[in-house]
Amino acid sequence: MSGNSFGTLFSVSSFGESHGPAIGCVIDGCPPGLPIAVEEIQAELDRRKPGTSRHVTQRREPDEVEILSGVFEGVTTGTPIALLIRNQDQRSRDYGNIAETFRPGHADYPYWQKYGVRDFRGGGRSSARETAVRVAAGAIARKWLLQRHGVVIRGYMAQLGPIEIPFVSWDEVGDNPFFAPDASIVSELESYMDELRKSGDSIGARINVVASGVPVGWGEPVYDRLDADIAHAMMGINAVKGVEIGAGFASIMQRGTEHGDEMTPEGFLSNNAGGVLGGISTGQDILVSMAIKPTSSIRLDRRSIDKQGSPVIVNTHGRHDPCVGIRATPIAEAMLALVLIDHALRHRAQCGDVATTTPRIAGLAPQGRQSVPSPRIR
Amino acid sequence: MSGNSFGTLFSVSSFGESHGPAIGCVIDGCPPGLPIAVEEIQAELDRRKPGTSRHVTQRREPDEVEILSGVFEGVTTGTPIALLIRNQDQRSRDYGNIAETFRPGHADYPYWQKYGVRDFRGGGRSSARETAVRVAAGAIARKWLLQRHGVVIRGYMAQLGPIEIPFVSWDEVGDNPFFAPDASIVSELESYMDELRKSGDSIGARINVVASGVPVGWGEPVYDRLDADIAHAMMGINAVKGVEIGAGFASIMQRGTEHGDEMTPEGFLSNNAGGVLGGISTGQDILVSMAIKPTSSIRLDRRSIDKQGSPVIVNTHGRHDPCVGIRATPIAEAMLALVLIDHALRHRAQCGDVATTTPRIAGLAPQGRQSVPSPRIR
Amino acid sequence: MSGNSFGTLFSVSSFGESHGPAIGCVIDGCPPGLPIAVEEIQAELDRRKPGTSRHVTQRREPDEVEILSGVFEGVTTGTPIALLIRNQDQRSRDYGNIAETFRPGHADYPYWQKYGVRDFRGGGRSSARETAVRVAAGAIARKWLLQRHGVVIRGYMAQLGPIEIPFVSWDEVGDNPFFAPDASIVSELESYMDELRKSGDSIGARINVVASGVPVGWGEPVYDRLDADIAHAMMGINAVKGVEIGAGFASIMQRGTEHGDEMTPEGFLSNNAGGVLGGISTGQDILVSMAIKPTSSIRLDRRSIDKQGSPVIVNTHGRHDPCVGIRATPIAEAMLALVLIDHALRHRAQCGDVATTTPRIAGLAPQGRQSVPSPRIR
Amino acid sequence: MSGNSFGTLFSVSSFGESHGPAIGCVIDGCPPGLPIAVEEIQAELDRRKPGTSRHVTQRREPDEVEILSGVFEGVTTGTPIALLIRNQDQRSRDYGNIAETFRPGHADYPYWQKYGVRDFRGGGRSSARETAVRVAAGAIARKWLLQRHGVVIRGYMAQLGPIEIPFVSWDEVGDNPFFAPDASIVSELESYMDELRKSGDSIGARINVVASGVPVGWGEPVYDRLDADIAHAMMGINAVKGVEIGAGFASIMQRGTEHGDEMTPEGFLSNNAGGVLGGISTGQDILVSMAIKPTSSIRLDRRSIDKQGSPVIVNTHGRHDPCVGIRATPIAEAMLALVLIDHALRHRAQCGDVATTTPRIAGLAPQGRQSVPSPRIR
């Protein structure tokens, strides 16, 4: 087990390299009887697909998914669901010089030293291409979470480099290639990206994800807290360098009287906790925010070394996203779905008989921006 | 498995409640032949112990650890190491009113809804008392990491509420109750805490942890990245709300030319990556930073509900840390040690035969503050 | 993780050596709200306890268990349950010569070569003393299985060396130190054992275990079949060399028309399957049989080698069971309970929503011997 | 996780139904740098392939395997290896009546009750077709075991129904469709099978597997003993009802003086232990024997029930092996390989630094029949 499986009860075992024959996964533990169509998975994949705007990589991959097992007559059978996506657009020549040198900020160097062998074409296993698999698996998790528990998972870009993006409405997120929740800022984002692309450089971003409708009680108390597993999931996405739950780093300067979310019979009065207390969901929205670093494959000259340890100048002319954060929203949503379904099943396993007479309360704030504590989004 | 075990190959299974008879753990997978004395574990426990200054909880717990198994004639045998710490100072009366109400910002409410039963005394399992177990287990991990690989793990407080603490020297960290790396700021911290304590409120903090000497190659590429497992470990510490690796959230505004750490035959020229690329250690210092929220148990009045869902006013007069961040440094160090030993063993399992002729390079910056990118600390 | 934990969702992490300070375990994942008293655990331990008749080891261990966590006001809380048993009767001098030599048929030699260090006193970790922990953990599993699902787990000795023991009644099992289901054969067993003990030799045995009331549907289809996990559990008991489910090795000579258990609306007409088909429980009794080898520590001279590889003559004069099978029945019952509770929880996690209108049928044969196919016992 | 993954460090996640589009697996944790060609995997698959003689199912499946990832320029990269086998010969009409009824002795009934839905075509997930995946994955494990440690794994049929098959030579195993180690008995086996096939009935078998060259020290002491994991692996093969290690059930009647394998500087004098003591390999041959039940799908009339619980007569006219044992040898070899590579890696992880000066001894008996204790085969 080398860390290519995710989840304890709803587990995804992923495979595939950027320029190999295919990528895909085996999903084990999916509850039986869930109606799922290949089109539903495809729809999620299409949200993450490359080549859909000039701001992302121009690699042409249809990302067409095939269900190989585990679904019979339109419903899951409880046996493993295998998903297969054939790679189509492999221009290996783009990556010729990477074979002998190491891109700064890229996994090239540690991969080589770890394994002593690597498929360098397009980054091989370290490529963000693998994240298509997560989105596909996440589509099934989301379907179950919605159907069984009414859970809705949505994300958006909250910042692109220096540009903070105000939260206006969930409705605007799907209408632009940035997943920005404010249509009026899109032209500014486009100008910024056009200039960046011309410069040959790359930039970071912030992505926020929110899960609404999560019942109280999911998660575990100590090491596998719900927020700890979310942090694991998010930091396990390529290029993520930081993860916050609820108030996140703003908590440092908060006093207890400000941070601790008060409760009334009508619901919680704030959500600094981000929907998790003591590692267990509270019934409020789960609020997650993450930092995405700038792409390491850039056209500009960078100092590095080659396999012999000699100094070289590296620049990368393959097809790369100048901001990997632009396509990260569906990936982050998928990972959150995978964490939640896993904990939903873990909770049912141990606590399936529990019932208290204490009323269950939720957050009082309406869905959307208001439920996200302002210091975190700015 | 309800999330009370940590680690895949070097695994710690923890138990115990704040006011039960004892806390402790079973460590499985420790390499045999490691010399370990109970005093070495005790020394780490003493760093985290309550009651050592007026700024932390006044609960008097000697935290005396007993080794029950797995060590014979002073060395580990490869069989499970059980550690036991008896609780001594249980004043359950301090917690009487918690039984029927839920403290805002505390695990009380979701625990109750999840399990339908809970040991409310002192927070039961949700108490930070459990972290003593992590420190004890971490002491063994640290010993092995140092002896076998020369890895050194050190942490410090980087911010207390509004007060940023400059990094002056590792030597100053051990000389004050805050784990502050700057002796000259200690009196300011003390004044702040004295005032805070009088007010009955609590405050957050930032803790940084650094692992030096980690070889290139530890970690896994996809889900169980080294940084993902570190995020899981840190977010799994009570009160942590955010985790950063290397440049962390500062990456959002960085361009690729700034963020990507260039390499020369002499070493890496910067460490925005925080010692991890593609989920695998680079040979540079591992840099981790985390946000600790303010304690939820405070003396001031807060709105909440009781078990029947009726509105109540809650205030907590037990013995609590007004800033849980003050004692968090040894815990964060221990968790980092647990992640690292686990990945050291995982790496050896799969890649024990790998050898490349490529030279291994490290960071050029000297140990300590210089290796921590400034944007992350502020 | 070095194999000292058992179970996926109801997991037991065991520790302790024969002559160390204590043995015990951490149980994680127990459903909350289960009433459990220390006396219930103690009652199971007393069934396995050494020194209760002249036919077993004369080591005097009260095997007194302490609950350290996870139980509050008499019910489980859902947090880890730690159980502790202090060792009392450690006569290490009994084992002096074992330190430098390896007993034939014993774990001494491979332990030494694996770890390069070992606690040789009383066999250290390889001692059957560890099985007390399994019985203690199993007591909690049994309680839940009985209370929640009406599952009853019972075992008996079916053969002692050359003496086959007819199944007369469950009622007779508890009335003799052999767990023999036929009181009339006990004097023959006693004579056999007295003679054996005088000779300084040891003997094997067969143990059968039956679980009644297991609902249809527990288990997994492929690798973690219910019977595969049972085989793992039983072969994981010290000295077990063979495991059968249902007709077991008699299946080799059976035709399909004989082996395949026919079904009618009233129930299954036979139970060659032993209650498991395709890895999943059928609703019939789970039938397990196992072979226990003769004790390797015997008083008679045996050829062996010492640490330097030189030839030596070994004989063992410590306190040993001349037939470890005699005390094996409660251990086998406990292991079956641990497998079943784990699969009960795994089943609920994935299939908690499943309901079919197909009637559930059970075995037609009355409980007890009749449900055990005769070819298997002989 | 529903039990479709096998192994802790070298893990195989299997998928696929008998009549779905494909079967296959993801192998995670394979050491990098292992040369592996698709032809090597294919060669193992061809040994298990259906339709190769009149004594096995006549389903025509080429079982052609494709490597989708994890192998680059002929060597493993350390990233997941995905293997894909498309199903070719799906005559679903063969299985029409199975949809509404349950075959006696088959997984039909418990599957239905567990999942409430199932792919009934050809047994779906419960079909032995899944075992092709194990053979494919096992081919990689075998290659590594042989190349890295010189381990050789071989199996044979030891009994076909009433006919015991003497062990003559490994050389004869590959020359007949039964994997019989005695060419002179093959015509008797053929006659028996011809008659059986005509009768419409089925029969059981015994398969033995031997691993030679396993170093001392693989395995874990308590629950995950090497023999416990082997038992789990073997009982996890379709139709297996019993597993023995070494002397197996013959141990019941052995005395300690007979069973305990004496040691001399030249080697072990016998191998009743079957190469495992205290759960750890001894350096002798690993000896495993298993009972395979008769196929449950037979042409003869059997009483059963349908989905409504009404009585029905079932007979099965699809293409089935009248003795599934005939094709079981390569599967059992593969499973043993998977257990051994997993424990090889686990051992290296924890004990990679261990070295003792004690000489390592092996078995004195020559390879083959002589190393298999005769009482076990009978």
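Going by the order they are written in, the chains are A, B, C and D; count residues from 1 in each one.
Note that in this section a contact is a pair of C-beta atoms (placed from the backbone, for glycine too) under 8 Å apart; a residue touches a chain by one contact, two chains touch by 3 or more.
Quantities reported herein were computed from a predicted structural model and do not represent experimental measurements.
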item: Any chain in contact with subunit B as well as subunit C; value: A, D
item: Equivalent interface positions on subunit A and subunit D, same or different at half; value: same
item: Subunit B and subunit D, separation of their C-alpha mean positions in angstrom; value: 45
item: Whole-Å gap separating subunit A and subunit D, where each centre is the average of the chain's CA atoms; value: 39
item: Mean-CA-position distance for subunit B and subunit A (Å); value: 25
item: Residues within subunit C bordering two or more other chains; value: 1-5, 8-9, 14, 29, 32-33, 78-79, 114-116, 125, 221, 346, 350-351, 354
item: In the complex, subunit D residues that touch subunit B; value: 9, 29-33, 78-79, 148, 221, 345-346, 348-354
item: Residue ranges of subunit D touching subunit C (in the complex, touch as defined); value: 1-6, 8, 14, 102-107, 109-116, 125-126, 130, 159, 161-162, 196, 201-206, 216-225, 227-236, 238, 241-265, 269, 272-274, 277-283, 291-296, 298, 300, 302-305, 307-311, 346-347, 350-351, 354-361
item: Subunit B-touching residues of subunit C, taken from the complex the two chains share; value: 1-5, 7-9, 11, 13-17, 20-26, 28-29, 32-33, 66-70, 72, 75-82, 84, 114-119, 124-125
